[in-house]
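One chain, subunit A, links the two complexes that follow: it is found with subunit B in the first and with subunit C in the second.
This part shows the complex of A and B:
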């Protein structure tokens, strides 16, 4: 989901936690901007997210993590684009490429083979498509549709869909 | 320097008159409430809702033990998130609030309000800014350095005008005043001869 004009959050895991947690982060990021007049940097947003996950782990001495794995992508004017890998027990790591879930076994291998720094958008989309192809063919429980989103200096936006099952057309009145 | 006009959300702004320290507390609570509302109700606040919230907060502090009322009045302005209709509300330390078409608060607000009552016309854009600055010039020593002007639009939210822009409009107003004076003199002169 769009976290703010230049940040994207991709979340996977327990459905309720996924929605509740990411919306909570989204609203707190917005609050920071209003309070301070400037947006959070990607690094700050990532650390805040990790902090919230970490607190939930040990608050009231019960192990009660949010079961959400997050990839946080953002673009800062000073430091350029960055990607953060945040898993459900509050691991935080700045990475160049990342993936979560069963599909990650395939995606990460594809990325290990084809990724190099300084890729163009076209090359990157090509790599994403390769990963999607692997997931579609190798993963038993592969989802039918995929969405590709991009963050760059012009902001966070939906780039494309890769659909194999289209929604049924809405019947006209 | 400390600003008197701040944004509470993308579509709501607040101007305050009074104790700046109290203002910071109230504005902070209002900003949190704007986001909290978005989170739980999945809708941005309406101007009336946030006014009611702020006024309610001000009232609480007039009827609790060991606290003093917030020393400020606010003017809350914004757009309805769906209909886009603009609204203006005023709150005061007692916790009452009311809707207005045009208003002023703080020092010399009475004379400014009188000016607005005489000269208010439903305008938009540049004309509205001119009316506001003309009202301010009634009570303030003229000059862009003494005035803070901000506009809020549905598309771009709150925008503070730069000193150069304010000076330009002040110059426009002064020119109009001078022209009106000259016109009056021209009318009076024939009678005297």
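This part shows the complex of A and C:
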């Protein structure tokens, strides 16, 4: 989902936790901007997210995490684009390429092979398509449809869909 | 590892989730102040949380005492913080290395509930610790100069992590 004008958050995991936690982060990021007049940097938002996950982890002295794995992408004017890998037990790491879930076994390998720093948008989308093709062919429980979102100096937005199962149009009443 | 009026602290660079490698540039060694370094092996999330808490305590100490913490004091602090969580511990093993008064090197390691292990020559922690004990024991010499210490630490680290599938992808070495 779009976290703010120049940040994207991709979350996977337990459906209730996923929606509640990412909306909580989204609202708190917006609150910071309202209170302070400037938006959070991507690094600050990532560390805030990790802090919330870490606090929830050890509340009530037993392990009770939010089961949400997060990839947080953002663009800052000073530092450019950045991607943060945050897993459900609050491990934070700044990465160039990241993936979660069963599909990550295939995506990470594709990205290791084809990624190089300084890729253009076209090359990056090409790489994403390669990963999607791998997931479609190799993963038994592959989802049929994919959405590609992008964040750059012009902001965070939906870029394209890759659908193989289109929803049937609902007949009008 | 301890040398002549110097120390070296090294770690590997792998960040993994069981058998899957997530990153090959993960920093495990943190600087507390110019003459005190802390390496944290084990669960990455606990290492990050523990580091943040320790830096917070050290900054408060600096404000109150207007000086840096001695390595022995810092080791006691880490031990206390770990034992606080005796029945819900942080899953990490710290390695503390610092220069005390008159450039005397100090090293120690702890288990995840704060049992300190002081040593005069070297301390190790992590998944490859058994390998590391062997490598360090055979390669260590008393009173090494910084250049030789760097070589020794690097070779001991690389040869040990090469035998452990959960460690590797290069190393970070700090010589002070």
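Going forward, the second predicted complex is superposed on the first by the 172 of 173 C-alpha atoms of A that agree within 3 Å, B and C clash if a C-alpha of one lies under 4 Å from a C-alpha of the other, contacts with A are read in each partner's own complex, and residues count from 1 in each chain.
Methods note: contacts are C-beta pairs under 8 Å (C-beta built on N, C-alpha and C of every residue); 3 or more make two chains touch, one makes a residue touch a chain.
Just so you know, these numbers come straight off a predicted model, no measurement behind them.
Once chain A of one complex is fitted onto chain A of the other, the partner contacts of A:90 are limited to subunit C, with no touch recorded for subunit B.
After overlaying the two complexes on the shared chain, residue contacts for A:24 are found with subunit B alone; subunit C is out of touch. By the document's definition of touching, of the two partners only subunit C reaches A:57; subunit B does not.
Looking at the superposition, the partner that touches the larger set of subunit A residues, subunit B or subunit C, turns out to be C. Once the two complexes are overlaid on the shared chain, A:72 sits clear of subunit B and of subunit C alike.
In the superposition on chain A, A:128 contacts neither subunit B nor subunit C.
Judged by the touch definition given at the top, the superposed model places A:34 against subunit B, while subunit C stays out of reach. In the overlay built on the shared chain, the residue A:105 is in contact with subunit C alone; subunit B does not reach it.
On the side of subunit A, the complex with subunit B involves touching residues 23-24, 27-28, 30-31, 34-35.
Across the interface of their complex, subunit A is touched by residues 15, 17, 20, 22-23, 26, 43-45, 48-49, 87-88 of subunit C. Subunit B makes touch with subunit A in their complex at residues 7-9, 28, 31-32, 34-36, 38-39. Note for the complex: subunit A touches subunit C at residues 50, 54, 57-58, 61-62, 85, 87, 89-93, 95, 98, 104-105, 108.
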